[in-house]
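The structures come next, written out as structure tokens.
Next come two complexes, and both contain subunit A; in the first it sits with subunit B, in the second with subunit C.
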Partner chain A sequence: MNRDRKRKRTTEAAALAVLLLGIAVGSHATILGLTGTSPNPTFAFIAKQGYISTPDGNTIYCWGYANAATGAFQLPGPTLIVNEGDTVTITLQNQISIPGPPAAPGPAVSMIFPGQQNVSASGGTAGVLTQEAPSDGTTTVTYTFVAAHPGTYTYFSGTRMELEVEMGLYGALIVRPAGFDPNVAANRRAYDDPSSQYDHEYLYLLSDLDPNLHPLVEQNKLNQYDNTTFFANNWLVTGRCFPDTMADPNVGYLPSQPYNTAPLTHPGEKVLLRFIGAGHDMHPLHHHGNNALMIAKDGRLLESVPGVSGPDLAVSDFTQTVAPGETIDAIWVWYGYHLGWDEYGHTLGGPGPFEPNEIYAQSTLASSIGVSDTAITVPAGTGHAFLPPPRTFRAIIWGSGYANPDLDPNREVVTATRSLTNPDTFTITRAQEGTAAEAWSVGSIIADTDHGLPLPVTMPSIQNLEFGQYASGSPFLGQSGPLPPLQGGFNPYNGYYFMFHSHNEKEIVNNNVFPGGMLTMMGVLPYGAPIP
Partner chain B sequence: MTMQGMTRWLRPASLGVLLWASLAGPARAADFYLKAAAMTKTMPNAGPTITMWGYVLCDATFTPLAGQVVQVPGPRLVVPPGDTVLNIHLFDGLPSAGSETSNTSLVIPELPATMVPTWTDGTTGPRTSTAQRVRSFTQETAPGGSVTYTWTSLRPGTFLYESGTHPSVQVQMGLYGCVTIDAATGPPAQAYPGVPYDNEALLVFSEVDPAIHAAVAAGTYGTAPYTSTITYVPKYFFINGAPYPDTLAAPMFTKPFVLGQRILLRFLNPGEETHVPVLQDLYMTVVAQDGYPLPYPRTEYSLILESGKTFDAIITPATSGLHGLFDRRLRLTNNMSSNGGMLTYLTDNGAAGGCPGAVGSTLKLSKSGGQILFTWGNIALASSYIVYQSHVAPLAPFTQQGTLNPTAPADGTTGATMPMPPDNLVFFLISGDNLAGGGCVGPQR
Partner chain C sequence: MNGMRKLGWTALLAALLLAAPAARADNLPGSRPPDPYRSRTEGIQIQCPGATDPKAVCVSIACGDGFVKMADGSDQYIFGFQDVAGIDPTVMWSYGRLGAEFPAPTLYAKEGQHLYLTLTNLGMIMRPDLFDPHTVHFHGFPNAASIFDGEPMASFGVTQNNSVTYFYDLQEPGTFMYHCHQEASEHMQMGMLGQLYILPAQDDLPDGTLLGTFTHHTGYKYVYDDGDGSTKYDVEVPLQMSSFDPHFHAADLGIQPPPFATMVDVYPMLNGRGYPNTCDPGGIMNNRNAYRSDIPNKVAQKIPALISCTQGQKVLLRISSLSTTEFNTLTAPGLPMLVVGTGAHLLRGPDKPDGTAGKNLYYLTQTITLGGGESTDVIVDTTNVPRGTYFLYTSNLNELSNDHEDYGGMMTEFVVN
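So, the complex of A and B:
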């Protein structure tokens, strides 16, 4: 009987998944960049100068790698997206010319690719780490390597790094695994291993800049440029400071900062976060909402047997320490796990669909109970799925003949605590939330769920609250509520928004004005809401 | 780089032999005699001469051993596998340091020892007054005197030793060094049980703020503007006590570099800042941190090397090439000058560790059909030649193999050959008056 139930639930879940897939086809947010033509992608870069704008009203002289096809200065450099096994060729010319006065040619520049092996460099002149392109605008340096391993990587200037990395000569390199297909869920992976599968991916290229150093370069006062006294005042995610991070990509008012970082997802979907340290300092990038599972560092899965075991050494953490030059891949998933109320605003008995991920753990009764019993047992070995003691959880017991508790008019809400000594034995407190104690037969279903759990607080009057841009006015996902004039408005699908930010709090400012800097908002939208 | 400079790379190996010989015996105790004293270092780019404090390896009367000078970092202390006791006999030869006393001491943060703090009033033992603050983590050595520090719970690992007295002054002045304890001598040696290696390099990251050093040297440290190390703004950034390009002057590896061998990199940070060493063109397998082997080694190209941290990592370069190693926190200047600081190479340039001004001009050796095949980068063939020398003592004069065939392609794609030489030879490619590369073929143990 229990098996029948499970089978039926599985079928329903599959049907629902198909339904969701139908809605969501083609909406797997991906990272913007240059892809080239596999298996021999070729990219032409020109090191250029230009200005970025920061939300504190500043325009800052910077250097960056420009895509020669458009010739437009940009920061960071183009995100290169290639495939495992590709022979990647990048040509580099250098048009940097320091304005002055007096005007002066810029220094030679170059590119290095940590994590890529057997990089060959030709042309230009020899530098300390690789071949360099002088700022004559015509000399071409060619870098070639085989992108042998999938993963998240970075590139940056290998010349006078304390100057040129500060000025913006850095970018991201993503190597797709063999067989990657963004439109086939199983093949939408960060690495060859299936556990790196994801639904959406976002790039967090973290950098920092000292706005007092850049004018020294612009005004040709390089003899005063002292990186040992570096003091950052702007912090960037993929080239923008909050709130610009949340604007659309390629917006006209940020002509040299094309990339945004405005992540969106649905409950339960896997979000691949690609972190890159591109600046001077380490940034503790903290994600609200849930831990993320760090599966890879420096383009290599965290695995006990490289290439075999999969990321069995992955680390679940709520902050990723992103060091300069290194990369981290982490998978973040949000759903209302033990949120403390039903995030969909359902009431027991319906109406409202029973959403995926609403059940955190489920089993059956191994023996019948009467209306006054305060202990239950579940089949041996199934109790481990429930919260360990001493934590108490809310559970619903319902008849095995019903697909979900909404359909069983006799369902009973209990609070339960696992035995310290026997994980398959629970102590329960009966008849919660207005339900009545029932006699339950063997095979009745018990599930740890917040389904139908009312909001545990009385919402204060909106006159007593301050709402941010992303407030919906409602504590429930997909629902809206009244908002004061001019508040909210950035959340048309009434999602939940979680701040992803540097937890070095001085870095979430724009030149001392909060909020800003290294900050984005992760939007969890209700099922069916479109994600670009 | 001169030929004289190149021969220096053989010294650590012979020193190791010396230490081993002196330590063998039934006591199973390793004894080292160190003297702490002042010294100076001159910075590149016509930089300043900076007063530092370092250690010199001595005999039991605290007379420096032959060829030994005061150095920063201090001499590496190699404890033979199986020894159960480490004694470091420390003689205090420091000058007066103004408001700070010249007492000193020596601690190894990762190895347990019996330590009795010394308070700011000069007493030791239990704290008797709330006015007392700790000035030394353990018993002090007074100027002109010596104290023996003993560790009895030894384990394999890479460890820092450093001053435990006024550490905010004395450690940044240069009183630090490295203790290594291997699990087995081999060959191949084992850093930890089951972690063999064929060759190794020490990589000690530290920094210097010349203003604080000048204040200490002048006896004005502790008064404005250098009231304490809180004012620390380092201007010079060292790997093994020298900034680039001087990082290339000392040998990088303890043995000749051979492609495909396992090279142990021992990273240590006795400095005041976090550094992020990044490898170019290579991955490393991180096998231990703080002298504890990792149950599952990690493969990565970067490390977060915090103050006081040690990491052990293995690289196995399969190809020749310029494998840069640099601090990605951009400590890559000598004061304000570019192309300095924490930058060096893990190359197959053998003893040279890298060749300033000779990027891409490396010498590569391989065995081929009973012959040794040389290939090289772009050099002027007519004025180039290869020399070789045994790297096993006693040192013989360099033998010239002859000029390169001027008809050979300058990029060395076919190279030159010579009959297979005996083992233990190291080869150098000389182009004009410059070292353009170096290397050898195995077995070289």
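So, the complex of A and C:
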């Protein structure tokens, strides 16, 4: 039996139970969709027509794959989540009927599965690419394949694609690797390779539509439907345009657009971004905050020796080029590494708490030093984690009996430079920032950190600034500050928000209204803030 | 109470009206009579720590509107940035009004430095009805904090007659960009785009340092901290792709709503110029005096795209795109293009767990395809390239035009002497 985790509508008690379960397992955001029952998941789809709404106030006639269990038209089609090795069966019927006037039966539709081999199709009528379901509402076409490789894939209609994909007949297919377990960190992976482990995953199914073409289909003016005049004016992420992308899943005011893309994470946690190009155009999807490492393309890890080397061909970039029909898996992490100031606004020796992501590199003293020594050594093979020469860096030395430097009243701030020839030897300038030089014994801790560094600039008065809705009013993670009336308010945990958006900037509008379109906001929340 | 307030506003308005003609009388710093409105400088604070931060490098830029000239001779109204280093806040407005440049001034800094970037919003001379804030988004800055990301939805924009100082601890070298992120679809189409390069610390290694089997010498320049000298170059060339839709610019000048839905760019450019202006080694004078008779013309396009080298030199092309509408492909027949970086990162696979370097993924190509917000680093080794003039141009051939004028657009010359 199909289980649509996204659209599940049971009692409030059941919803609460799911919520509590989510917190109990450590709140790792996952992509919503239909999972079926491994190893033989079976899904029943019906191609339907319906309307989506866009934030510019438009209502657009579309076609989509509906889950037969609920019967509700939706865009995109249900996200299918299956396991490596599963034999996947999908049945398809077609109820599309063009309203007109005059009313007319819809065209035949079908499903193709790029990246899957040996897809068998039966029933219906033979089309150019696969078996097709005519719009009689009863004929059933059955597609079966073995999901042989883990990864991010797509499915879409293989019939009159220039029309039917534009109209919305597309969706995402995710194949979990063997041994996948969302509740065991080591087994929460995109691929078999352990380097594809992640903490949260989000789906960016990117599409574009021309709102002038859809009414021609709706009004049965297919003879005027000219694909060569395609000119997109709405851009969607998993079926919604900003700001709807940031609304909850399954909100009542978007009855046919169930999926949101409202990513959240904590510092240092790995976010798996699954990008799919499902429109006509390439989109440069830029993620603020940090580069991401593209580890896979089209459902295959970027590795020189498949199954052996791991993603040694992975590329770091601040923008992912997502082409139509292409899929990309990228891992994005925000550490707050080396901001040059304490992102928590803490002072050295203050109450803290000292957070895990404040340490950029850490080791211990391999031999003791006196108050006037200007060189230290760290255990062999640990020095390379620190910045290479000729860079200098600020470091704190504290006693090994203390969990963090705030707790050791004798902590010492130094400026350090690694040796050119031996990465485990540093020269240091002692007693910085008002601390005193101390004698440190073997095993004392040295860490590269910005902990306790003040913000180096003075922020202007809030009267000189205009704040956005995700502003907290404070430079510091987890802290808020004063905001003018009606500004801010969308950031209850005072996180750092980063725009993930198409950098062909005309695509972050809804028709003529800015902002909108292919845009989401990634929230890096302070530790402890819940992630649903 | 209400009456008193009304009277106060009337008096202020009268003062503004009286003062306004005087304020327009000249465009020279320091010689402007006091203006109770425009000399309000308490919001402008240029923060530069000086000796207290030996790693500090300070930049002061201002933003507002201006004009540039396209290669077919047409004027385009723009929003943009300009360098106001050393300009006192009390004269900054009269110095910088209608002075926007395209592209924005290129910013250089070094890995390890602390960049204090002050942005002052001078407002819009041609659009006094617009009270748009502005920002600087340091595009690609690793591990950004929202407060200095310049993305106003998550932080703030700077309102007119005010400034903010952004702070960046520069950890990674590379080919970055900067642009205004306020109402980005409009402000970027209008020209608030620039280049931002961070030079690697490897440049400053002591003479004779061994990088594997490669010996570093003082004066050597690299694109990244490659550890093996493989990104050493001799000549650096900035190449930023961008494009304008003149109807959009005309609407902004004509006090019309920005026509996002019909945006189609017909002026494809490199460094804010279409061919043949790309090959003009000097600056290009604008025509702002035609729009504001009290403000003389200005060189507002200062970055040529002409590439010139001596045979045998390695030429670094820092290519980025801040097009707001489309992908473009650049090609250069006859020139071997070695891609060594992308996304302000060395093109190298991830480090191995023991800290040793990953796999070099450099590749030779004839085409570079970039969408908005993408950058790549290309080294052209001219050792085996015969002397002569080569063309570097977009192979999206319809973009080889300046609006209706053919034989222009996104093209420049690459001269090997």
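A few comments on the model shown:
FYI, the second predicted complex is superposed on the first by the 421 of 532 C-alpha atoms of A that agree within 3 Å, B and C clash if a C-alpha of one lies under 4 Å from a C-alpha of the other, contacts with A are read in each partner's own complex, and residues count from 1 in each chain.
As a convention for this text, contacts are C-beta pairs under 8 Å (C-beta built on N, C-alpha and C of every residue); 3 or more make two chains touch, one makes a residue touch a chain.
Everything quoted here is computed from the prediction, not taken from an experiment.
Taken together in the superposed arrangement on subunit A, subunit B and subunit C fit without clashing.
After overlaying the two complexes on the shared chain, residue contacts for A:Thr30 are found with neither subunit B nor subunit C. Of the two partner chains placed by the overlay, subunit B and subunit C both lie in contact with A:Met282.
Set against each other, subunit B and subunit C differ in how many residues of subunit A they touch, and the higher count belongs to C.
In the superposition on chain A, A:Leu313 makes contact with both subunit B and subunit C. Look at A:Thr321: by the touch rule set out above, it reaches both subunit B and subunit C. Using the contact criterion defined above for the overlaid structures, shared-chain residue A:Ser304 touches subunit B and also reaches subunit C. In the superposition on chain A, A:Pro460 makes contact with subunit C only, not with subunit B. In the superposition on chain A, contact is made by A:Thr228 with subunit B only, not with subunit C.
Of the two partner chains, neither subunit B nor subunit C is touched by A:Ser53.
Of all C-alpha pairs spanning subunit B and subunit C in the superposed arrangement, the closest lie 5 Å apart. Overlap of the subunit B and subunit C interfaces on subunit A: residues 282, 304, 313, 321.
Residue ranges of subunit A in contact with subunit C, taken from their complex: 195, 233, 282-284, 286, 288-291, 293, 304, 311-319, 321, 334-341, 343, 381, 384-385, 388-392, 420, 450, 455-461, 464-472, 475, 477, 496-499, 502-506, 508-509, 511-515, 521. Put simply, subunit C touches subunit A in their complex at residues 43, 45, 47, 49, 53, 111-112, 114, 116, 133, 137, 139-140, 142-147, 149, 151-159, 162-169, 171, 181, 183-186, 188-189, 201, 204-206, 209, 225, 257-261, 263, 323-327, 342-345, 347, 349-350, 354-355, 358-359, 361, 369-374.
If you check the complex, the residues on subunit A that touch subunit B are 112, 114-119, 126-130, 158, 160-163, 165-166, 223, 225-230, 277, 280-282, 297-298, 300, 302, 304, 306, 313, 321, 323-326.
For subunit B in complex with subunit A, the touching residues are 233-235, 244, 274, 276, 278-283, 296, 298-302, 304, 319, 321-322, 324, 326, 328-333, 335-336, 338-339, 341, 343, 359-360.
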